[in-house]
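Inspection log for the structure reproduced underneath, given as structure tokens.
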Amino acid sequence: MAEKNEDFEPNIVAFLCNWCSYAGADLAGTSRIQYPSNVRVIRVMCSGRVNPLFVMNALQQGADGVLISGCHPGDCHYMQGNYYARRRFNLMRNFLEYLGVEPARVRMSWVSASEGAKWKEVIEEVTNGVKEVGPMDQFKRRQLNW
Amino acid sequence: MMKNPYIPYEVNILDAWYEAPGERCIKTFKVSFADEKVWDTWSHLPGQCAMVGIPGVGESMFCISSSPTEKGYLRFSIMKAGKNTASLHELEAGDSFFIRGPLGNNFPMEEWKGKNIVTIGGGIGQAPLRPVIQWVRDNRGDYGELELVYGARTSQDHCFKAEFEEINQAGDCACHLSIDVEEEEWPHFVGFVPSLLMEVAPKPDNAIAVTCGPPVMINFVLQNLEKLGFAPEQVYTTLENRMKCGIGKCGRCNVGHLYVCKDGPVFSYAQLKEIPEAFA
Amino acid sequence: MAVQKLSKDKVAEALGELCKFRLIAPAKSDDVVVFKRIDDPAEAYLEYGNSTIPPKKFAFPQTETLFRFIKGSPELTEANVEEEGTTVIFGLRPCDARAMAIVDKLFAWDYDDPYYLKRRELTTLVGMACIEPPSVNCFCTSLGGSPFGTEGLDILLTDMGDYYLVQAFTDKGKKLEKTLSSQLEDGSAGDEKKAKEMALASEGKIRRSIDTDGVPEKLPDLWDNELWQKVSAACLGCGICTFLCPTCHCFDIQDEVEEGEGRRCRMWDSCMFSEYTVHASGHNPRPTRKERTRNRVNHKYSYYPGRFDVIACVGCGRCINLCPVNIDILDILEQVVDA
Amino acid sequence: MVDVNKLRETAKEVISREDVRELIGYRPGTYGFRARPAFVMGPDEAGELIFTPACVNNLASYIVLEEKLPVKRGEEPDLRKVAVMVKGCDSRALVQQMEEKAYERDRILVLGIPCTGVVDMAKVEARFPNILELGEIALEGDRFVLSFNGTKEEVAKEELLADKCKRCRYPTPLVYDELLDSEVERFADDDYSDVEEMEKRAAEDKWAYWEEKFSRCIRCYSCRNVCPMCYCEDCVLDRLQPQWMRRSVDISENTAYHISRAYHLAGRCIQCGECQRVCPVDIPLMELNRKFYKDVEELYDYEPGTNVENPPLLSTFKVEDREDFIM
């Protein structure tokens, strides 16, 4: 495990659904709510669009944590996408934990278009959680033999 | 030759244009080495190939579609098919890419001296035949009659259109063109290339036939050449296969015991007849 | 120079001495024996049958960089194999050394492969004779090898009980002997005589065999034979037989870019994989496992000898031992002989 | 124990049927105790079929492995059935394949083998090394009897039994057209103690464990190819665009490969253990699959390959699914 570093600023990749969470994050921005700048947002049409490969690939490419965020249950623009995502990432999280990848690195949240304040809370929690466990170094693509 | 055969040379694109439109469009690149000194050691012959690519994307094998008699540049005509070719198609004059070569064998132009030559091409298959035609025209005295048979699906899909016109006007070569389906104002043959070949009916005496095109076309062309009396030793074609190293090491491009990259791409029909895998 | 011997008490010391080079020796993790870089003599596991993965990867790594580049810049930086330094592969079996000698021919054919050849130049091979055939499926003697074979080796060690007999055959081997001069002692002529007897005895214990006479010439005639459908029916299309083969050398070349820095690298590939021959158009000249199996056998037993005068198989038996569905190269060859 | 004569007679009758193209079973291997898959195309070939505890292969893989080549012009597609011999665990692969609509039930003819357990061939060969002549393994009561070179050896069943059999819940096939022996009652159960033990370890220990295992991987893809549930025509591993996993072999790509492989089997793995059996470098792949297996059972009360009517786990959901992990 990496040494804890007080100055460590993690890279967090967030996959946000277009209809709720992205709008929620947008609202946080337009409302001038201050939240940690560690997060890099990738907008997807639905949390159900997020393939577990995306998460794995993000961790390989240098993300220290990944957040998947969608609409609250029942609010999915496509009726059911977030329910599928929920099953998928419950398993994914448990499995990564089983391999020794801390669960703090893969998080999921429901953030609606009106929850700018919740977005801030989520990001703070994710960022602090990842800071706690330090840089992701298990299977980041290393440049050892390059 | 290259010191390390895996390290490519950078080439600058002098000019680039589309030969044919569509999903599988064909683009021709006229290039010259970024390092002028490479020209001092570079020599290729009609039929030879090069690995063409962009570091970070990959590389694929293409024939050099210019004759060595055309000085100061190389030409590549590339059809968009996969990841690498799609990236190459994004390049324009002033950009650069990388090539490794020349690789493979060549048409035995020396041996063919004094003979009549007929080239039979289809679609992008004209690319390896173009240097043969160019070579013969530039060494006109060394060869007999030159006849050119070429077809593509539509007149739009014809590669090297302008050059055919120029050849026709120059009159040093008979140029027979075809398209697969009837079009308005098409003055030439309508039908498939093998049928056009029978129409043209070149004489086998003291002649060499060179063909390249889609596998189905090649199959029928070979049959028809036999009907016209061409012996397998008089017929040449070029093969293609998936390639990676281009120098006979990586193993994947073999047809039977022959490596297409090293022993080919040019083969006589006599050689290929012995190898069932050649037509797989 | 008289023949030398290495007392077993001094093996650790000798290995310690060799650690100043890049020392590769068999090591065990779980029940799997593989060759790996050794920094501590205690890691070496010399009482082994044969390694699961052949040591070919130290001349021909599974993944290796050909050159590096910065995306968008025309500068290409050739990978420097020299940096890997002098390498000693210690304790490899004679079949695996012979396999390297066979693969050398391909990499030095026509175009020199600078990476492979440089690595081979830097590598000294210290073999370990097989007192007992390591596997029931060994058949090296059918292909011109021997449990005590020296082809490709610089030094051969023979376990004589309390000590190893050390025989050096090449300049590289003799040079290495000098490095170990404080660990080696003079052996006797009797040792060599005894080793010869042991070699005969070990050869006698090889239980599987095939007469390969005429096979290279016969294979092309069997192109359309129904045997290919039969022997490939059970094939899963995995890469075990090729990746674990000491003479298989096919590779893929791919570009990788990470944060703007890139490399072109090559990695082992297998002719048994379906995408191995797929054209960009989607056409696959070897569409099923039948064509792929046929190509594998032909490549080893017909194409390779046709070009390099030697069959690209050394009879190590790995492909037989580890094939998940018991496809047995000797079974195939018997069908070829009988066809 | 399956009576070999009955097995061969049934096979002979089945392959003689007009609507059966081939029959996939087992035959003796080429050396020692090995058995291998047999592809019987006609009644005269049925005589070599066997079933013994050495018949470890899961033949359900072959149903989905066959390449689908375009039918040649002028030819009709061959729609005859494929008959396949399956043990209890193997039958679950068929169930799962059909649950996923890989093919219709009437495309296959299932010869079910009630199974009392197969051997772990690695354990057999470690115990009896260097056997070249064909040997036989039979189960008599709680002992395996191994006959070879004119001698017989008995070994306690427990010692040579494959690990998967020690946890087997379905010894009798769950789907069959003909059953080749009387049903076998469940003789084992799964308590997931191995998975739980791993779960309890510290994150660092877990990763150290897996890093060592994954770093051995040579990416021969045998675990993928042998798997009866890995039958995508266009595998994500073979794709160059987008290329999710690179072909270079290092700890990052190897881990990515093993995550993807195991995840693709979440709610699909039927515990036949073939992946782990074939791994040439002994990576304990079942430990990965079993984590999913356990979670899927605990979280969603779902057991793959047990009911053709079940919708595949990840293409369905319940509104009340657990979400205590969601912020």
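So that you can tell them apart, the chains are marked A, B, C and D in the order they are listed, and the count of residues begins at 1 in each.
What we mean here is this: a residue touches a chain if its C-beta (ideal position, glycine included) is under 8 Å from a C-beta of that chain, and two chains touch if they have at least 3 such contacts.
Worth saying up front: this structure is predicted, and the values here are computed from it rather than measured.
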Per mean C-alpha coordinates, the chain lying farthest from chain A is B
Of all chains shown, smallest offset between own Cα centre and global Cα centre goes to C
Distance between the CA centroids of chain A and chain C (whole Å) is 46
Taking each chain's centre as the mean of its CA atoms, chain A sits from chain B at a distance in Å of 52
Cα centroid separation, chain B vs chain C, in Å, comes to 40
Chain C touches at least 2 other chains through residues 63, 252, 254, 269
Touching at least 2 other chains, the residues of chain B are 82
Touching at least 2 other chains, the residues of chain D are 250
Given the complex, residues on chain A that touch chain D span 1, 52-53, 56-57, 60, 73-74, 80, 83-84, 86-103, 107-110, 121-122, 125-126, 138-142, 144-145
The chain B residues in contact with chain C across the complex are 3-8, 10, 34, 55-60, 81-82, 84-85, 96, 98, 240-242, 244-245, 247-252, 254-257, 262, 276-277, 280
Listed in rising order, the residues of chain D that touch chain A in the complex are 198-199, 203-211, 236, 244, 250-253, 255-256, 259-260, 262-263, 266-267, 288, 291-292, 295-296, 299-300, 313-315, 317, 319, 321-323, 325-327
Per the touch rule above, chain D residues touching chain C in the complex are 29-32, 34-37, 39, 57, 61-62, 65, 67, 69, 122, 129-132, 212, 216, 218-222, 224-226, 238, 246-250, 274, 277-278, 280-282
In the complex, the residues of chain C that touch chain D are 29-32, 34, 52-53, 62-63, 135-137, 207-208, 230, 233-234, 236-240, 243-244, 252, 254, 256, 265, 267-270, 273-275, 287-289, 320, 322, 324-328, 330-331
